[in-house]
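The same subunit A turns up in both complexes below, where it pairs with subunit B and then with subunit C.
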Partner chain A sequence: MNTLVRCQFSLHDKLKLSLAIRELKTMNHIAIKMLMGDKGKYLGIVMGLTFASLIMTQQPAIFLGLMSRSYSFISDVGLPDIWVMDAKVQFIDDIKPLQDTELYRVRGISGVKWAMPMYKGLLKARLVDGTFQTCNVVGLDDATLIGGPPVMLEGKLADLRRSDGIIVDIDGATDKLGKPSPIPGGKTIPLKVGDSLELNDHRAIIVGIAKVTRTFQSQPVIYTTYSRAKSYAPKERKLLSFVLVKAKPGQDLTELTRRIRAATGLAAYTQKEFMSLTYEYFMHNTGIPINFGISVLLGFIVGAAIAGQTFYNSTLENLRQFGVLKAMGTSNWILLRMILLQAVLVGTIGYGLGVGLTAIFGYSMRHSILAFKFTWELLLFSGTGVSLICIFAALISIIKVIRLEPAIVFKG
Partner chain B sequence: MDSSSFAVRCRNVIKVYDTGSQKVTALNGINLEIALGELMMLVGPSGCGKTTLISIIAGILDQDDGYCEVFGEDLLNMSIQRKLNFRARNIGFVFQAFNLLPALNAAENVSIPLIINGMKRAEAERKAATLLEQVGLGARVTALPSELSGGQQQRVAIARALVHSPRLIVCDEPTSSLDHETGHRVMALLKDVALHKDRALVIVTHDARIFDFADRIAKMDDGCIVEVKGATNRNLSFHQPTRSKR
Partner chain C sequence: MQIKYTLPILAVAGFLFAAYTVVNSNKPIPVAAAVAPPSSAPFKSFIAGAGIVEPKSRNISIGTPLPGIVKTLVVKVGDKVKAGAPLFYLDDRDTRAELAVKLADLAKAKADVGIEKASLVDTKTLSNLAEAITDRRAISSEELLKRRNALLISTAKLDSAKALVQQAEAALADTQTTLARLVIEAPIDGEVLQVNIRPGEFAQAGALTTPLLVLGNMDQLHVRVDIDENDAWRFAKNSMAVAFLRGNRNFKADLTLAYVEPFVVPKKSLTGDSTERVDTRVLQALYSFERNQLPVYVGQQMDVFIEAKDSSDNGGAPL
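So, the complex of A and B:
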């Protein structure tokens, strides 16, 4: 008996529920038609959201791409676990040289498998036509050549052992270090293996061409051995830029950095820490984040203004229709769902278009100098932005419709 | 007469609009009964409260005082949801400005009351198309309101007011936007298809040329009913729809 009553009850409930759902589903159809009834407004809303979503995805993607360049030299040097440097260094290009003896002190610390020197500095190269070009010269440990370029396009890293050997990055070789065209105004001729140039009056012969990840520094990158780099560099007491450390297997890296700091008084960072140190430096000491922040904010505001305003206007224009539906017995709840559906619909379309356009933009720019890093977090970021705009637009519309007196239907 | 033979009973209904700066007494003690099977017209000068009164009768406006009963139900004291359901099931609306949804075609417009009452879309539109045929628009089922003449739009609106077989149909100036001849045809149609022995029609109008269609005419002035003309014998107004005519 009891179960029978319960059964009937739940059946009744289910019936009521399915009725409500059915009403909702069919009213959804009306909501969509109402939204698309005014093609101009509908397009305006979608375009506003597309714009907002495009700006909110593309600008941060460029920003992330740009910021990742700040530390790309560090991530290119894959092998070492820990970077040791002067305690006052703030980022990768902030070179404060050490004495060569520091290398041996680091090698003596327990837990260090190996430690190698690295020279990094800006030097002037004299090209065949007599002009000068500042280059980013990297000197690698003579014996192991640890810290070399990530990809060799021509020649081998070991070719650096040949006398006067240097490796040049492809962008530098084709552009800034290129030889002037014999025809005036023609394209420069890229440097090839076997060509030479002068670094501080020392002859340097190109033994390889490498591909490196682009950095903030637009200068050509030249790799050579540590001792040769020292001979190219102006004579100074200190020339060691970094000590690159590999930890013994099983060695805790944080513990090792602490130990190196304690023993030498130098700064020691894991690769990740050094990357984020550099990243943070650019975040806090350059106008880049604020510039992009303003772009994103503008995109958000303009998108919200266009889309939100048009959406609200369209609701205002349809107010009488909502009033008619209300008079005929449609509940506020269903009207609310109708407006939400309209907002979700335009939001999804605008977001999809904006993100799609961003992807197309990134793809078409993949070979250009433009920095672009499209991560899934960005999808979340712009998705949240577009959702906020839609929620805002829907909310002001919903308030208007809920407050609407159905008696307005008889007003002329 | 027992209460069950009335569609509407109003007792001393008062409505005051408070606009903040001033109070406007729109209805000042309305007493009115509308019998089942009756077509009642409300006439009177502009601003006398006709629209206010039918809004209260239709349950889309609450009176401030007095009692108004529609099919034996006191709308004022109903819960919101019950009132919505009551309106959805029992009231049909016809407006001066038609108030069709411009993005929906004729059949979709007519199907709205059925959809609100929970009918499936396909079925509702089928039923709507049948009714459109009855009001002489069988060929324009998929036309948008903007593609129809004023008279045709009002016929669509009438079909929408009737499609769910409501027991009370309220019309505010249904012929004012139409020329005389079209207005006449719309009224004939309304009376023909809408009036039933268990149904009532309230029509607000200025249009003296359609007074002939009324069973009774209530004249209002300054928020009061000042005169009710016409036979009170409901039997005279019984009228079976003769649907085969069209």
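So, the complex of A and C:
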């Protein structure tokens, strides 16, 4: 019965199509008809590809987000071109302090427009309720305050010149450094300008709230002046963490870093180099790349399995129609094109839906703690992944169709 | 609804939203500008150092030769004083009392001289009378000897009384010196930069961490530049130098070398922290500048750049 209907259908089609059998437009139409004829299968393929595309963009986006947090402090400090530090520093939080006079040695190198000190260290802040919170304390040059936070939400950077002044980041102020709620279990009360903290037994007054890019450890960031940071810090002989250098206009940065290294024996990196140094450290010394790599690979494999399998099934189902077309003299080339068209169509739709869902995911999470960085490279990456799945799915179907005997139409 | 159109439309919308997110979420982070533009060297090759402004005379920490309670303070911060002008007086009541005693002692000693003189006249008269007698039988030889000796004793007593006057005078002069030492005077012409003592407070003698009074000659200011010992070999005495005021690079002054301290000292960090850290040793060069070029105060820090030979050819001195 079924075969009869199919036969009739194909005979009917045969009449209809014989008029313009060589017109590609019609052939494309047929291909689309074949693909969408079975809605369940069609949705299955698209969903498989959507899933694969989603996993292949969302997971790497979180990975990139996490990785970019490792160097977010460096990219936040946008003004200097070169960072000078101890030769053995491995990444941004690996601080090996220098002598204060190194600043003047770096300043004395030709090609340096200016050089400023920066203190960066972890200090304990004592909160109102007596709990302790480790904070990232950044000390900026007293006169110029170079290296400050990118966005000030309240107050001005120059307010740091007020006595005992500090600037805290908004995330720290609302969350980790917040005052305890009067109702037990309630939300903490965010710190405001004018509130005070205790840093290493020193009084500190909040004069501003800043917005900074979250760092890897997500500790609250406290900005203050260099000399004040030194008095907050435990007594050590050396306290200078970094020397921030701006090159003279027209100065070749690579040449200048080489000169700084030769003259002082310290390590000098351009902003990009220091970012990649930090990034590489996390790549080689943490399990993060492997974890996310496995997720992406699983997404690819599962997507390929679902989409490829369903696509192949759908081709198998339409094998009679392909047979008819073949019997009517349609060349293998045209059939191949038809399958490719189907593959490109489902691929594009799946890809579009997948990246769209990733974007919605990222957009809805934009104010949360989640690390998420969606770049155009990721669009290309998942596009390539989806294309590979589609090529794989199309290939197994194409082999089947090309090997197809037209006589199959007439078989039981 | 046609699934044929829904999915492609959704896919296109999804892709467009993704593209929008990509463009929107990867905006460059704004750069925090410097609050005050940093100073930079006007030379191609140079040595940079931190400078601190001080008077040409350096800062004189006035000390007291004697410890005591401050009675009156006659100067205030910013006063211009001449050399020898009193700065403050220490409590002198006991010294004045002592002076009165010494004066009385002197008067007594002087009176004693009068007595001795009178008794000398007496013994001399008696002796002369005895000597005048020509007939030896009229006076016993014992009596004669007695009178002669009395004269000798009286002469010696007068000398002793005179010596006592001298002693009392010396004691008086000593007390007067002590009294003078209770008035602390300005050693040079200058300006009072700091006053850390108030009437009623105890002024300790000796070297103090907080000086009682700081005095300096402000006619000519110097800037003391710390040059890292690693850079000291690049320093040339006749090279140009320029100083910038911290906080505003528009205030700058050309410097002329006054002198170089040939003794390299440990650098103290200029934080003002009580536990000053010794980092390294520095060569200190002193430069003078026109005072009217900069609105500068004594003790203020400056960024100093000194022109140096280009050392990039031999690569400097790697550690």
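What we mean here is this: the second predicted complex is superposed on the first by the 390 of 412 C-alpha atoms of A that agree within 3 Å, B and C clash if a C-alpha of one lies under 4 Å from a C-alpha of the other, contacts with A are read in each partner's own complex, and residues count from 1 in each chain.
In the analysis below, contacts are C-beta pairs under 8 Å (C-beta built on N, C-alpha and C of every residue); 3 or more make two chains touch, one makes a residue touch a chain.
These figures come from a predicted structure and were not determined experimentally.
For the three-chain model obtained by superposing on subunit A, do subunit B and subunit C clash or fit?
Taken together on subunit A, subunit C would fit alongside subunit B, as the superposition shows.
One more residue to check, A:M36. First (subunit B), second (subunit C), both or neither?
A:M36: touches subunit B and subunit C.
A:S331 in the overlay: touching subunit B, subunit C, both, or neither? Say first, second, both or neither.
First partner only, subunit B.
Please name the chain, subunit B or subunit C, that touches the greater number of residues in subunit A.
Partner with more touched residues of subunit A: C.
Just subunit B (first), just subunit C (second), both, or neither: which does A:K235 touch?
After superposition on chain A, A:K235 lies in contact with subunit C alone.
Kindly classify A:G250 by the partners it touches after superposition: subunit B alone (first), subunit C alone (second), both, or neither?
neither
Minimum CA distance, subunit B versus subunit C, superposed model, integer angstrom?
In the combined three-chain model, subunit B comes within 14 Å of subunit C at the C-alpha level.
Could you give the residue numbers on subunit A that contact subunit B in one complex and subunit C in the other?
36
Show me the residue ranges of subunit B that touch subunit A in the complex, using the header's touch definition.
For subunit B paired with subunit A, touching residues are 51, 54-55, 58, 60-61, 80-81, 84-89, 91, 93, 95-97, 99, 101-104, 108, 112-113, 115-118, 120-121, 124, 172.
Sort out for me which residues of subunit A touch subunit B in the complex.
19, 22-23, 26-27, 29-30, 33-34, 36-38, 320-321, 324-331, 405-407, 409-412
If we count contacts the way the header does, which residues on subunit C are in touch with subunit A in the complex?
For subunit C paired with subunit A, touching residues are 3-4, 7-8, 10-15, 17-22, 25-26, 29-41, 44-50, 226-228, 230-231, 234, 246-247, 267, 269, 271, 273, 275, 277, 279-280, 282, 305, 308, 310-312, 315-319.
Would you tell me which residues of subunit A are touching subunit C in their complex?
32, 36, 39, 42-43, 46, 57, 75-79, 99-101, 104-105, 107-110, 112-116, 141-151, 157-158, 213, 227, 230-231, 235, 237-238, 246, 248, 259, 262-265, 348-360, 362-363, 366, 373-376, 378-379
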